[in-house]
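Take a look at the structures below.
Shared between the two complexes below is subunit A, which pairs with subunit B and subunit C, respectively.
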Partner chain A sequence: MSKRAPTDWNGPVMQRHIRRRYAAERRFRLLGLGAVLLSAGFLAFLLVTIGAKGIGGFSTAFLTGSDATDPVRAGIWGALKGSLLTLMVTIALAFPVGVLSAVYLEEYAPRNRWTDMIEVSINNLAAVPSIIFGLLGLAVFLNFMHLPRSAPLVGGITLALMTMPVIVIAGRNAVKSVPPSIRDAALGIGASKIQVVFHHVLPLALPGILTGTIIGMARALGETAPLLMIGMRAFIATPPGGIGDPATVLPVQIFLWSDEVSHGFVEKTSAAIIVLLVFLLAMNGLAIFLRNKFERRW
Partner chain B sequence: MHSSTQTAAAATKMTARNVSVWYGAKQAVRDVSIDVSTEHVTAFIGPSGCGKSTFLRAFNRMNDTIPNARVEGRIALDGEDVYASGMDVVQLRARVGMVFQKPNPFPKSIYENVAYGPRIHGLAAAKADMDAIVERSLKRAGLWEEVKDRLAESGTALSGGQQQRLCIARAIAVDPEVILMDEPASALDPIATAKIEGLIHELRGRYAIVIVTHNMQQAARVSQRTAFFHLGELVEYGETEVIFTNPKVPRTKDYITGRYG
Partner chain C sequence: MPLWAILFLILGLGAAAWTAARARARTFAGGPARPHSLPGHHGWYVALWATIPALAFLAVWSNVSAGLVYEQVMASPEAASLPAFDMQRHAILAEARGLATGQVTTAFNPQAHGIAPVYASAMHFWSLIGLAAALLIAFAGGGWAWTRMSPHFRARTRVERLVTALLLLASLIAVLTTAGIVLSLLFESLRFFARVSPFEFLFGASWSPQMAIRADQAGSSGAFGAVPLFWGTIFIGAIIAMAVAIPLGLMSAIYLTQYARPATRRWMKPILEILAGVPTVVYGYFAALTVAPAIRDAGLTFGIPASSESALAAGLVMGIMIIPFVSSMADDSIAAVPQAMRDGSLAMGATTSETIRKVLVPAALPGVVGGVLLAVSRAIGETMIVVMAAGLAANLTANPFESVTTVTTQIVMLLTGDQEFDSPKTLAAFALGLVLFLVTLALNVIALRVVKKYREAYE
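Moving on, here comes the complex of A and B:
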């Protein structure tokens, strides 16, 4: 049996090895920091330039008015109201359908070829380019069902088709993450399946479902292409009174104004972007608030 | 001797006859017949994977929730086949309560945990009735003194042993006839375990209690009847004292004396 020589911890070989390890550590930290600074830098650049350009565009008239040919009189309220109405239609359709689908697929559906196919289809649907949904909306809701053109109703339905798969996927994950022991507990004292779902599983899955829903809604809020297809790009000089009236939405308004030749619209475009970003921030804030409010620990 | 067998027969609550359980093509329980009575605490012992928990879950049809689990044979509650097509599973589980291995209180208040069962079964007409049920159940579970001033606090904030007693209170709140306990103390420390065992003693006679355990000392302490399972078969079933001191089957003796398991 050969005797093992004691390790020379202070020898040059060991020292070099240790130095190399520390260097790797430093390199990784700098790389990570650089990545964060790069993305944060772009965001800061966007905010600063947009802010500097757009801040002068704000006025009472801008916040209460609608689109106009004269940039001085052009306002954002019409588009903002259009966005609100559209999102209302979207959430009213996508949330119940999405949540019910998620619960059904997770809790009730048998595992077989059909449900596998449905699962794959839903995942694919979430990745379909939005312009396709716009074409679908144009073909089905306008040309076939003759719903009003340029209206938040049709925009909302089209965006709901896009948002629903996002809610289904988030909802399924949230339902899946409810511990099985809670289901056992409720079943064990004689709760029926539907009582287990509505008394225990859904309340515990709600924070996750709401987070997914708001992410989907934020995406719908920023969506432009499908709405162009269904005619929400018209020049609308009065705010919509309901979901059947012609309207436009914030991102489409930004798109329209950015295309204007008149110099005054540069300022208005930036101001509209600020309104859209504030709206988005408010929605994300709401998501965080709801998640904290409903989150239960065990 | 004659009279004691008669009372035992009168107190018989559940009977299993030639019960087999399959998970897909794998047979987990083989042709087991057993009687469970209110008079005795029945313990199921055996090495891990011997089918004792699976068999226990057949009594209140909890295996129904597992896809492609299949039960054959007959299990009856008061002579009524629990797998008959007319049997209401929801009602069955109210009559045959269950306590699980890991304490699983709902993330709700202590009061709500106990009140949930009576509420869904419509057992309390007024708030005062419900208060009485909650108090009685927590008292029977030996938890009332510890929690009576903080019923609104979350059940999940209790210690592990208290959570398990809360789960027992939740099970007895719907006034079941049978309580199935699936290794109820295996996740608890020795002091909490002793409390659960004392509780089982007190509940005996009021409810038919079946306890699955792989702690043989625990089976010897709390039960009057013991069933030894191995590889899905019921190897030996009889009075706990006999099983532990003078088992008839060599396999039982080998397990009891720690030769395998």
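Moving on, here comes the complex of A and C:
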């Protein structure tokens, strides 16, 4: 057995070796930083480009008018009102159904094949491409049930089907995070199962459910493809009066204007994007605020 | 009386029933027997009996009453002069209905003015009948429930049984939606495949649905070969977009989890998440307005003929959109690698980057692969970016500067024209939708299985 000489750490060969390894370490680190900065830089570039183009498009006429063939008179209010009506329908349907299913799955569902089927379909629905929901809306709501075309009613129902899985998943997590001791205490003093859920668990889970709901609604607000399928791409020159009237929504209006050849519409499209982004930012900000203010660690 | 007014009337009756029954149940408390249920439960029991049967009746009535009105109008002497041809007659009747309800003031067809009063009186007659029947049912239901009230009556059990049923019903909507998607896609696709053979659809290399509008050409022209669409979808969504998203997403995740200070991470991560929250229509506009011309100009300076709707522009922007998705999946799977493996590697003298490259990433690879599969499934289902930035020409090309088209683009194009619903052109959209649905479903199932298996390996 030959005797091994101790490593010469200060020798030129070893020093070069160590330097090379440290350089590789720095390169890798910079690569990571580069990736983060590149992604963030792209976001900044996108926002600045749109902002610079769109800021000139704002005027009173733009904020109060509806779609027009002339870019000078074209406004966003009609599309915004359509979006609000659609979201009203969406939340009125998706929120109760989503919360009730979350409660059922977390608190009542027996462990059996039937429940598995419900869970699998909810998880799959959350991953189905949005355009498929548009096809469903076209085939079932328009061609089979003959609901009015281009109406916020149909758009709202379609988006509700899309948003519901998001609310269910958020709701289940919120209900799950309520500690069992709360339920045991309520059951112990004679509350029924329903009273436990509706008087104690749901109020405590509500902030989490609301956060998930707002995030789901923000996604629904930005959704375009399914609404194109059900005909919400018509030229609508007056704001809709109700959920049965033909209407368009913000993202679809952006899509329609982006197709216009007239140069003035570039400015209007960018301005409409700013309006949409402001709404999305406000909704997400509200969700973050709710989470930070009411979230409880048990 | 319109339907919604009857609806509110019944809901009002329900509220009245609730108050009255609760007040009556309160008197039980002083009695000799200890009441089984709280006053509120009795209130709900009576209110539910007063409203639910009546509302169910209204739901049925709203479907039936239009037919009854139609029958009565058709039986009237004024309707005898109507044309026998269905479409014409329906148009006149629709106008008369509009006149009768006041939605329109003047009708295009003079006959409609003659029928409008008949229509109005028929509608009035049947809506009165509906109102009377609904009220009768509401009072009968509420009254029956009222007679059952007593201290021993188990109102709470019954009300709660209904609530439980409601919960189950709500969760079944998800199953119904899934079934609705599968059935509607399958049904329309079968009608499509009755005209165009599935073999030709799945393996044909020529796609030009516009040619098939003429009836004699449908199905025989070879215009529905979807291979160029499938290739375009894979090219943009799974190749170009992933070439952008995988390196950037993975490196961002590594930097944010392994190198960045917690404070930096706290504000950097949400900023990256914003990329996923920007609506796709905004990305599409950006791709079409800024990225695509830039790529075309860049291509021209290097002497490459680039289309203004190049696959590269759509793929690049889609890749950027997917970054946060890949990044958060990679983040999760790197965090799931046991700390001991990391510590062991560092203790052996490896640098941080060596540990990451030789230990963490290989150990997290199944999770990362699962995340990438989910990202691919999202990218191929993405619609607006490709509709706005990718072209319509169904090319089979691997040149990223040329224009390709995707499944989702074609679905939008096929369904947003003004053609009749039964043409093979519109039905083709459903067949494409079915393929898209099945592929994304398969990708998700595989991805979740991979991720799950890998999690189990470390538990």
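One rule holds for everything that comes next: the second predicted complex is superposed on the first by the 250 of 298 C-alpha atoms of A that agree within 3 Å, B and C clash if a C-alpha of one lies under 4 Å from a C-alpha of the other, contacts with A are read in each partner's own complex, and residues count from 1 in each chain.
The criterion applied here is as follows: contacts are C-beta pairs under 8 Å (C-beta built on N, C-alpha and C of every residue); 3 or more make two chains touch, one makes a residue touch a chain.
Keep in mind the model is a prediction, meaning the values are calculated, not measured.
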Touching partner for A:A52 - first (subunit B), second (subunit C), both, neither: neither
Per-residue touch tally on subunit A - higher for subunit B or for subunit C: C
Touching partner for A:I182 - first (subunit B), second (subunit C), both, neither: first
Subunit B versus subunit C as contact partner of A:P110, first or second or both or neither: first
First, second, both or neither for A:S192, with subunit B first and subunit C second: both
Which of subunit B and subunit C A:P96 touches, first, second, both or neither: second
First, second, both or neither for A:G222, with subunit B first and subunit C second: second
Those residues of subunit A which subunit B touches in one complex and subunit C touches in the other: 192
Subunit A-facing residues of subunit B, complex: 60, 62, 65, 67, 90-94, 97-100, 102, 104-107, 116-117, 120-121, 156, 167, 170-171, 173-174
In the complex with subunit C, residue positions of subunit A that touch it: 21-22, 24-25, 27-29, 31-36, 38-40, 42-43, 46, 49-50, 96-97, 100-101, 103-105, 108-109, 117-118, 121-125, 127-133, 135-136, 138-140, 143-144, 161, 164-165, 168, 192-194, 218, 221-225, 228-229, 233, 251-252, 254-255, 258, 266, 269, 273, 276-277, 280, 284
In the complex with subunit A, residue positions of subunit C that touch it: 156, 160, 163-164, 166-168, 170-175, 177-178, 180-181, 184-185, 187-188, 247-252, 254-256, 258-260, 268, 271-272, 274-275, 277-286, 288-290, 320, 323-324, 351-354, 356-357, 374, 377-378, 380-384, 387-388, 408, 411-412, 415-416, 421, 429-430, 433, 436-437, 440-441, 444, 448
Contact set on subunit A toward subunit B in their complex: 110-111, 179, 181-192, 195, 199-200, 204, 296-298
